[in-house]
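Alright, structures below, take your time with them.
The two complexes that follow have chain A in common; it is paired with chain B in the first and with chain C in the second.
On to the complex of A and B.
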């Protein structure tokens, strides 16, 4: 697809931010999202190319979100699409987490 | 299938590969001129936009790999050769490309036709 992810050769996006001593994770939640990959992948609900395609389907918000936010978006999209969780379950969980429930 | 912490750690260290152990004959050999197809499918594709409909030369054959386009669409692995293709910067960027610059890109066989 001719998605927003395909940035090769585009102008106007500014310089690449090269960090000195770049940490593996910038936030603790990123470590958790990384840790989610294998257990979620091991359900067999999707393959690696479906995972990449799910990220490409994020649309404009792809450009305003970070690497591990892309991963999380793909988990959310695919787990609902593949019926591992329902859209209602996902929405209810979001509400619960926003309310402080762990 | 569920995995335990030990298996997760091992898998993280080893990683994974899309290489396929299948006897698939290559359509192209190193040194052959090729042209990328002008493909714009709504689904997944691993041919970057800036190398669509461009001429290059086969530099190397990586071997046989899963084809991401079909794999992402639930249409199977369609194992095929992936090549390193050498493009001149002028071919990709026109007069703004450096005269001596070249770009090497991994390209699946289904994206190529004879140049």
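On to the complex of A and C.
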């Protein structure tokens, strides 16, 4: 089955943006998402194939978001689906972090 | 928004903080372990590992033979192994054939030898186009290959990671392994560049 992630041979996706002396991470939040990779897998809630599939299920948002946003989306999807966190507590925490005015 | 920030958190920052804080409270994530993993891949693991492998292969024909026969084991001989490097295949570029790697389906990359991939490797333009127009893509990286040279593109699978053993440049016969390793760039092990000797034609900074 193909999907939006199956990019080989696709046309019209623009020039390659080559950054000289590129840092390993561009934002602090990318560091945190990367650093959660092993601990999140260590929970045993899901495996690498489910992780990839969760990214592939992003649909059109896949092309509009960055690599570590893909990881974040997969973590959110799977941790809620597997019951590690609840959608309600995750939503409440986001509102609290946004200053309660989300 | 904490006292340490003078701007509101972005949506993605809020999502990451919400997720990490919940996992920490549940005892599933130790922030110190997160910090340690970040430090490893930001400061310790990177393309110098791969350059060591390449220089060793250039100096030692027996090692090169082992590397091409069983990349995972030969790379582990030098102490490099672990996640995203469990099944390594090293492909040798020659005067006849140039090799370049990609992961069209996601962003598979040999972390133990090259570190974390650059953004362009993970991005749609490179992944879509390098398989259909490799010579055009290589030109964007400043690499123009002779017409008679074959170009092979290697697309990772879910399990397998490729790394290119680039051609050893002429004029390096008297160099030590350390001097050779210093010439080997990340891009040459992906295959979007060749290894050049500073001051010689084709050298890139």
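Following the convention adopted for this analysis, the second predicted complex is superposed on the first by the 98 of 102 C-alpha atoms of A that agree within 3 Å, B and C clash if a C-alpha of one lies under 4 Å from a C-alpha of the other, contacts with A are read in each partner's own complex, and residues count from 1 in each chain.
Quick note on the criterion: a residue touches a chain if its C-beta (ideal position, glycine included) is under 8 Å from a C-beta of that chain, and two chains touch if they have at least 3 such contacts.
Quick caveat: nothing in here was measured; it's all calculated off a predicted structure.
**Q** Check the contacts made with chain A and report whether chain B or chain C touches more of its residues.
**A** Looking at chain B versus chain C, the one contacting more residues of chain A is C.
**Q** Classify the contacts of A:24 with the two partner chains as first (chain B alone), second (chain C alone), both, or neither.
**A** In the superposed model, A:24 contacts chain C only, not chain B.
**Q** Which of the two partners, first being chain B and second being chain C, lies in contact with A:39: first, second, both, or neither?
**A** It touches chain B and chain C both.
**Q** So, does A:55 touch the first partner chain B, the second partner chain C, both, or neither?
**A** The answer is second: A:55 touches chain C but not chain B.
**Q** By the touch definition at the top of the document, which applies to A:78: first (chain B), second (chain C), both, or neither?
**A** neither
**Q** Answer with first, second, both or neither: which of chain B and chain C does A:6 touch in the superposed model?
**A** After superposing on A, A:6 lies in contact with both chain B and chain C.
**Q** Based on the A-chain superposition described above, do chain B and chain C contact any of the same residues on chain A, and if so which?
**A** The overlap between the chain B and chain C interfaces on chain A comprises residues 6, 8-9, 35, 38-39, 43, 48-49, 52.
**Q** Along chain B, where are the residues that touch chain A in the complex?
**A** 1-3, 7-8, 11-12, 16, 18, 40-45, 48-50, 66, 68-69, 71-72, 74, 92-93
**Q** Quick one: in the complex, what on chain A touches chain B?
**A** Residues in contact with chain B: 1-2, 6, 8-9, 35, 38-39, 42-44, 47-50, 52-53, 56.
**Q** For chain C, which residues count as touching chain A in their complex?
**A** Interface residues on chain C, with respect to chain A: 1, 8-10, 12-23, 26, 28-30, 33-35, 37-38, 41-42, 46, 83, 102, 104-107, 115-116, 118-120, 122-129, 131-132, 137, 140-141, 155, 158.
**Q** Note which residues of chain A are touching chain C in the complex, please.
**A** Listed in rising order, the residues are 5-11, 13-19, 22, 24-26, 28-29, 31-40, 43, 48-49, 52, 55, 63, 66-67, 69, 72, 75-76, 79, 84-85, 89-90, 93-94, 97-99.
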